[in-house]
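Here come two complexes built around chain A, the first alongside chain B, the second alongside chain C.
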Partner chain A sequence: MSAVVVNNLSYCYQKGGKHILKDLNFTVEQGQIVAVLGLSGSGKSTLCLCLGGIIPHYFGGEMTGQVLINGQDTAKCKIARLALEVGIVFQDADTQLFSPIVEDEIAFAPENLCLPPEQIRYRVDAVIDMVGINHLRYENTNNLSGGQKHLVAMASVLTLDPSILVLDEVLAQLDAAVKENVIEILLELCRQGKTIIIVEHDLEAVTIADRVLLLEDGMLVNDGPASILQDKELLARHKLLI
Partner chain B sequence: MGVKLAVKMINLDPRAKIVIVLCLSTLAVFFNTPGLLLIVLIITLLLLQIFQVKYISLIYKFRRLLPVLFVLLFIQSAFTGHGQVLVAFGDVHILTTGGVSSASCVLLRMLILFGSAMIIATSNSRDYVLALVELKIPYEIAFMVLIALRFLPVFVQEAKDTLIAIQLRGVDMQKVAWGKKIKVFTYIFSPLVSNVLLKANQLAISMEARGFRLYPRRTYLRVLKYNSLDYLITILSLSITLVVLTLSIIR
Partner chain C sequence: MIFMKMVQVGFSYPGQKKPLLNDINFSIHKEGITALTGPNGVGKTTLSKLMVGILAPSTGHITLKGQNMSSMALAQIGRLVGYVFQNPEKQLFCPTVSEEIGFGLQNLELPEHEVQRLVKENLAYFELEHLAQNFPLQLSEGEKRRLAIAAVLVLEPELLVLDEPTTGLDAYRKHLLGECLLKLVASKRGVFMISHDSNFIDRYASRILILENGRLKENGC
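This part shows the complex of A and B:
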């Protein structure tokens, strides 16, 4: 079974409005690292919302086509239920943390699973260790830098042990040393059989991808191996060369 | 020793802290002589000391209220004709002892209310979610309260920033006529409100995308436990307050 199947997916935020995603078709196999590249405004974040089922459950608008996450149709599955399969780190660092201290933030997700406190503690400790944010454990989430907020958000979704991880423009906002560390973590997760989808507008951030999807103005204009990142002519055609 | 006590007090169950605050504010509302209120204020400040709250900033913030209190002082003197007249202008009482005492009562009362509220802030706000849940309040509502409290300062800060931005563009709010002021304020607040709604939405999405409301029940990393110190403090505060209240009613 494929981790992600997207069939003829189109979406616009307002009924009868401009289409933000236009007839997307692609499949991601389990264990792949896929980069989704595109200019700002090309619909990358909207695609992430579709993968998490936030579209169509949270936003109105008009979605046609189908998204299957580990075989489950997102339109027929609660967002909270999908959260167990796919973890999304959203683009905006400031609006995804809401707890007074980092440890509470990371405990929030496993608390929703009704686990006993010892097991919540175990998951929190394991993830804090893995992401390497032990020094932030008792910090106020308000006082973190943008990159640190993203790390905490990533740790928070990892506590649910999702089989698919989606990062929406997270890497580009980290400084070099932290980015290196996160890439190591992503590779390790991949070795454990997890599927990773890295959304970026910055080409350099996606050196580890097996496969690259190019998104332009809501359309999938290229789907190929990572080697297409070397194809200057192709990138220039899609205005992705900086 | 002092540090140990502070740690113990800060780790008090949030419900015990609420009891303390309720007792102090009950007394503050009930008493109406400056002497008694002063005693309650001193107790409040001592407690803040024990909880290691820096209350200097509280007093500093209160300097802005002083003009209001001055106005109150004269109004009370002029209209509540009790007490000795200190300063008079013909038949009009400018300053009376009654006016002085009621104005100082207002000041003391507000200091007690704000000061005791600072005790609440010594607990992690997530603990109040736990406390609310223990009180059988649905966890969705408890989290809503928590998030509202957390975003209030952000909202205030943004309002201030917007106001400054408008003034930087050369609009002097002091000089804007009253009719137009309302217009300027709608300019400020409509983007602000839509911004806050947007943030609230994104936050709700982020919570749900981490499994919020998956089940009708949830568990918590931290567990609240009312231990002996909590019981002691609760019983002590309640009984002292009750005794003091009954004594002053009897008198």
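This part shows the complex of A and C:
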């Protein structure tokens, strides 16, 4: 079974409004790292919301077509159920963090699942260690810097051990050393069989991808191997390289 | 002439044991693009908030055009120094994209046709025309950032301070931003930007400052 199947997916935020996603079709196999590229406004974040089922569950508008996550139709499946399968680190971390203390934020999801306390502790410790944010453990999430917020958001997503991880432009605010560490984490997760979808503008950061999807004005204009990252002419044509 | 000067500036947030910033000394002239870089959480955003008067130093002082900033009103500082937040959402509050760009201009008491001309020009330059009547908080992140930058730039501050301005921007829009900053510099305005984007820094910055362990280092380049 494929990790992600997107069938004829179209979406607009207002009924009868402009289509933001236009008839997308693609499949992602388990264990793949897929990069999603495209100009800002091309619909990348909207696609992420669809993958997590936030569209159509929390947004009105009009979605047609289908998104299957590990075989389950997102439109028919509870968000809480989907959250166990797909972890999304949002582009704007402020929308994601809500607990005042970093540790509570990270423990929130496993607590919500009513896991036994020692399990929760174990997962929280492991994730804090993996993401390298022990020094932020007791900090107030509101006071964190932009890059730190993304790390905390990533940690809280990882505590649920999702089989699919979606990162929406989270590398951009990280300093070089932290970025390197996050990329190592992604490669390790991939070795463990996780599927990773990474939205990014920095072409160097996405060289870990096996495959590249290119969105333009809501349409999938290219779906190919990572070697297209070397195709300067193609990238320039889509204004992804200046 | 020195435009802004930090003298032995130290800063800590309430309850912090160790000061976040320590003995910071530097001057900004209105020339070229100064980039500030350094690890996540080191205090770059904090330093930029000191530069625009949102925060006040715990020790030391900052002068702006020779005047101590602590004796200046925020509005007075704001007329000289423009600030684009790391999270652009923090500064968007108008019902439409057009009004967001026009808001500050309206306060400058420019004639209405001049306001409209400038709004149009900036909508076009930042490729926001098709979104002119949209609600700013429902834009994509990159569109929000372009809008926040446009709304500050249009006021032509003498010094523009940008906190991680390239996040959320694609290569093409980064290029547009960079060229626009160079134009500001050519018209004798200063630009100070915080960034991790080494390609962007290499391309556009004429001076690089590095913040590490609470202290500022100058990197010759």
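Observations, loosely collected:
Keep in mind that, in the parts below, the second predicted complex is superposed on the first by the 242 of 242 C-alpha atoms of A that agree within 3 Å, B and C clash if a C-alpha of one lies under 4 Å from a C-alpha of the other, contacts with A are read in each partner's own complex, and residues count from 1 in each chain.
In the analysis below, a contact is a pair of C-beta atoms (placed from the backbone, for glycine too) under 8 Å apart; a residue touches a chain by one contact, two chains touch by 3 or more.
These figures come from a predicted structure and were not determined experimentally.
Once the two complexes are laid over each other on the shared chain, residue contacts for A:Thr74 go to neither chain B nor chain C. Of the two partner chains, chain C is the only one touched by A:Val178; chain B is not. By the touch criterion stated above, A:Gln32 is placed in contact with neither chain B nor chain C.
When the two structures are aligned on the shared chain, A:Arg121 is found in touch with chain B, with no touch to chain C.
Of the two partner chains placed by superposition, only chain C is touched by A:Asn143; chain B is not.
In the superposed model, A:Thr195 lies in contact with neither chain B nor chain C. When both complexes are overlaid on chain A, the residue A:Ser163 reaches neither chain B nor chain C.
Of the two partner chains, chain B and chain C are each touched by A:Asp92. On chain A, the patch touched by chain B and the patch touched by chain C overlap at residues 92, 94. The residues of chain A lying in touch with chain C in their complex are 13, 38-41, 44-46, 91-92, 94, 136, 143-148, 151, 169, 172-179, 201-203, 239-242.
Chain B makes touch with chain A in their complex at residues 124-126, 146-147, 150, 199, 201-215, 217-223. Of all the residues in chain A, the ones that touch chain B in their complex are 49, 52, 54, 58, 78-84, 87-88, 90, 92, 94-101, 103-104, 107-117, 120-121, 124, 153, 156-157, 160.
Touching chain A in their complex are the following residues of chain C: 13, 37-41, 44-45, 86-87, 89, 138-143, 145-146, 164, 166-175, 196-198.
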